[in-house]
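A short write-up of the structure that comes next.
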Amino acid sequence: MVVILKPNPDKAQLRGLLTWLESKGVGVQTTVGAQQTILGLVGDTSAIDIDLISALDIVEAVRRVQEPYKSANRKFHPSDSVVSVGSVKIGGGGFVGIAGPGAVENEEQICSLAETLKSLGANILWGGAFKSRTSPYSFQGLREEGIRLLIKAKKTSGLPICAEISEPSQLDLLGDVDLLMTGGRNMRNYELLRAVGKSKKPVILKRAVSATYEELLMSAEYIMSSGNPDVILCERGIRTFEPQTQFTFDVSAIPVLKQLSHLPVIADPSSASGKYTLVEPLALASAAAGADGVIMTVHADPAHAMCDGPLSIRPDRFERIMKKTAVLRSADI
Amino acid sequence: MVVILKPNPDKAQLRGLLTWLESKGVGVQTTVGAQQTILGLVGDTSAIDIDLISALDIVEAVRRVQEPYKSANRKFHPSDSVVSVGSVKIGGGGFVGIAGPGAVENEEQICSLAETLKSLGANILWGGAFKSRTSPYSFQGLREEGIRLLIKAKKTSGLPICAEISEPSQLDLLGDVDLLMTGGRNMRNYELLRAVGKSKKPVILKRAVSATYEELLMSAEYIMSSGNPDVILCERGIRTFEPQTQFTFDVSAIPVLKQLSHLPVIADPSSASGKYTLVEPLALASAAAGADGVIMTVHADPAHAMCDGPLSIRPDRFERIMKKTAVLRSADI
Amino acid sequence: MVVILKPNPDKAQLRGLLTWLESKGVGVQTTVGAQQTILGLVGDTSAIDIDLISALDIVEAVRRVQEPYKSANRKFHPSDSVVSVGSVKIGGGGFVGIAGPGAVENEEQICSLAETLKSLGANILWGGAFKSRTSPYSFQGLREEGIRLLIKAKKTSGLPICAEISEPSQLDLLGDVDLLMTGGRNMRNYELLRAVGKSKKPVILKRAVSATYEELLMSAEYIMSSGNPDVILCERGIRTFEPQTQFTFDVSAIPVLKQLSHLPVIADPSSASGKYTLVEPLALASAAAGADGVIMTVHADPAHAMCDGPLSIRPDRFERIMKKTAVLRSADI
Amino acid sequence: MVVILKPNPDKAQLRGLLTWLESKGVGVQTTVGAQQTILGLVGDTSAIDIDLISALDIVEAVRRVQEPYKSANRKFHPSDSVVSVGSVKIGGGGFVGIAGPGAVENEEQICSLAETLKSLGANILWGGAFKSRTSPYSFQGLREEGIRLLIKAKKTSGLPICAEISEPSQLDLLGDVDLLMTGGRNMRNYELLRAVGKSKKPVILKRAVSATYEELLMSAEYIMSSGNPDVILCERGIRTFEPQTQFTFDVSAIPVLKQLSHLPVIADPSSASGKYTLVEPLALASAAAGADGVIMTVHADPAHAMCDGPLSIRPDRFERIMKKTAVLRSADI
């Protein structure tokens, strides 16, 4: 951390700052310039609250040098982490396909889709149960019943299952779910992150549509510092000015997150684009950019889906995407 | 709602759509152009899920004509709503000052600040208890104890109090709080919105940093359709590319929201800017643009605040802002 | 185009609007709803200025149904356009590599780099001459001399060359240049676009960092309606809130632009990311998403480049990218 | 400037960097931490090209401490600059109203409007001549003839006039214009900025819709370093995700730019919002936030304006805004 002082800082206040920094185990080296004095902080500054320094009268600005995340930081854990979901491995070189419907609608729908997806190469089944809809007048999902049907589809198909958690109190209901997922709108729901951290279940942590890479990694830090190392990062689009896609898929997040962190990184091209015609090119782009997998919304009959129809692909498209990414991966790209 | 069909739509599918629309009580008028056919939907379309139509094979695009929110819509409620918090009225022409510390730190701090703020013209006291911090290693607030101290300050000062709610289970703890507030990161936490709706307590609904005006009004709709009409909208900055402010304060939100909705609109210049030097100009700009009040972070000694020091103003600055906005308002601006 | 009228529109004004629309050759069909009346405009509305209608007292809103661009629109030109630059074809299935230094520095540098790039599979050489730098105190390029050296490298290497044009008056100087390029900051420099249109030289039209897809296509329309059909669209990153990349590379632009338009689409991963470590993953992602080529900044010794060092890749990396994209393309991805 | 080195930097390269920095007259102080070594650069670093350092193999990151702009920097020029346009003073405490039509349409229109505006308190007349329209099929302005009519209106009304310049070659035509203006899309048109700098005419420099405050000030630096100190900064909205306004008016730009720079700052609420109903609240907000003036689009009959009708206010609204801002200013807000 580098602290830039205002011109002619009050000496007593400066002494107070130096003493406080030393008490935190941080060394300080001072650079006196013609116009400005700079303090270089040496040691582990990740527990120093930057605001406590910025607020001081003698301080003009503070710049971080070291990343504020530790557990998720590749610097302290150089090799790729691999997260196990049943027998499926995420990270470390493979490419997984997670697929399922925007909403679980009934037993026949989810069980038959699970069977189809398994035969087409899907590794994990997911399905929406508690739907968060912009309008209170839209279909809100089957909720508890949706989870029960998803668990049924796990038994009939043999696929591990993934479901979204939006409140700590849902952990009991999700006992048989293999992989949790936190939605983008909950990326800064810290109570939830702590609860997921204590649960020790593998979890997909989705980036919020307005979050920076660093903020995403700080949310991973909440889960990991609560005792759960099995975090999978997920890029799902950010909000920009472009109206033709629901969100702007930030493909750079994949290589940058993999540089900054050892955690696996997957992509959600369905939620990002909001358009079924873009799922294939964005899934292929994700694989080419180094993602460890994709999560996609698949429905046997999108035109009659109870929600997310416009962004759902049909199973045959899912199969084509999985085949193409396999070729792409075998070519070592 | 206007539905634009693809060229040469399948006749059976088109008949299916028309039948379904009629079953929803919506009339349809068809415009046949050289290149495109357009369906004009007539009647109340607020309960029509736009995705169900967009997903159809015969549909190219759907455009809304009518707003998707009803309870919050000024078209159906032309006069300004006024929300009462104890004896304080928000909306309808006045201008309220809500003020308090980013974090309640101890009894002496909050009770003495409450006293000061009351004497300087504050209408409502607020204080942070459950703090949501980006880093798990930062101070997380006094939590339950913070709420208890805030209630104590209500008794000693006589000011009504405002506190943030982040989980439905906190409603009991917040029984003596006069005005709830939901944070920007919870604007789409629909379980929470429904719980707040059922509580019937007045609530400040903060805009998420990536939410459009329409999405904010749809969140108000969740609260209102659950039985609670006492919603106060709050602009608190949106995320943009500009790094010199924490968020970009969107002053246009004030007049636009007041055009679209009858609900009161206030502003939070402290959270928006993240800088104490910008609180005064942004508070004055809000008043000039027609806001019904401001909520500001005030601390007796910002340099030693346990959090939010860089954005906290001192009580004397608060007093100056309240005096200036009073002049501004009396000049009928 | 759909015109939504305010309730109870003035009859004389409505008659005036209808008469004016008919005089423009546009048919009108009226849908009368309980709350609103909608006019459906039938025929070619691309020459109707939407603002002229929006400004009327009786009009609440206007929604486009038809795209405002014609020459660039795939609807009127279903097959892919192919642009020829010397013997190089851009569009229609191939994948071209355009490469060169951020700044032409001297004869030895550009001629030797051209030789190397040709041997490694580059199709077109580019080089910066008139540099637009944020600071007036930074190196501004060799300017006219830079163009002359680039033309020299064309002769010695046999590669066609590409150079940026920033003013109509530069057209003479660029007479021997095979492919023009307009920078993102000039996407709305309409004098320049018209001049490029009249020149009939093939041109790469870069998207501005804040432009929507539709605005990019409208800028193509300026060039094409001035007589030049040989436009290549280029995605080069948009401005967002993420600070770790210079811009956010919008990979979705590639498939969406190819859906909307018949023009070739290429990508510039160097300018987008501003980081040499991201050029390879973003170039591969572009190819996977369907781009017709990439333009990349290459330097023999980035650490000593006179500008753009941080985003320049070395020739060996360029070679690896071209080999990988060839594999990827041969796998029909 | 602070340079953060990678772990275990190559010694010869480090020596090379230190020697080069000394040759530029910059002192260096080294802070050796457990994980990282930091170089603190002391002295005037505004002429150091940050990219030249970032590109080095031994460098992890570079952080600026000092602002990269000098002439526009308040640190080196603490008192407010005042720009004179004829007898009108902009900056230093007053509040000016600049007003006129989006397009000069004919002599009667502009001369009569100029008369009206003068009588209602306008300080400067502006009018659009070379219009930059998104569509090549829209009205492009009267161009040269528009400038001639504007000069005529200057003579008949006695008001100083302001016109946009979009190419260096227009300087001759604009000889009788008192105040130049560069459009947001030209903020990084450095040839134009240099030409305006050499012209020595006062100029309004509009912020690009995607430019940071620092980039705007760097563009001012281009003009000022070419010999022209009379630059007026203008906030005119930035591009964000909100669709209900044309751009998002960034009111914080006003106080922040005034903190960073001594130059006058005005606002353009018409271009920012694109809606005539928002011009008044945004103009008042600008005045309250400390702006030195506003530029507004005014038309006697917006419904029949040849362009910009939806954002044009009528003269009576202009009068009301000027009266209200005068009250607001006299109250020392």
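A, B, C and D are the chain letters, set down in written order, and residue numbers restart from 1 in every chain.
Criterion: a contact is a pair of C-beta atoms (placed from the backbone, for glycine too) under 8 Å apart; a residue touches a chain by one contact, two chains touch by 3 or more.
Only a predicted model underlies this, so the values are computations on that prediction, with no experimental measurement involved.
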Angular offset of chain A relative to chain D [C-alpha, multiple of 5 degrees]: 180
Same or different residue numbers at the chain A/chain B copy interface, by half rule: same
Pair with more cross-chain C-beta pairs in contact, given B-C and A-C: A-C
Chain B and chain C: spacing of chain centres that average the CA atoms, whole Å: 39
CA centroid of chain A to CA centroid of chain B, Å: 26
Chain A-chain C separation of Cα centroids, rounded to whole Å: 32
Chain C residues counted as touching two or more neighbouring chains: 210, 239-241, 243
Chain D-touching residues of chain B, taken from the complex the two chains share: 210, 212-214, 238, 240-245, 248-252, 254-256, 259, 272-273, 277-278, 281-282, 284-290, 324, 327-328, 331, 333
Parts of chain A lying in touch with chain B, wherever the complex brings them together: 46-47, 49, 51-52, 54-57, 68, 132-139, 166-167, 185-186, 188-191, 208-210, 215, 218, 221-222, 225-226, 239, 302-303, 305, 307-310, 312
Chain A contact footprint on chain D (complex, rising order): 2, 4, 27, 29, 31-36, 38, 40-44, 61, 63, 65-66, 75, 239-241, 243
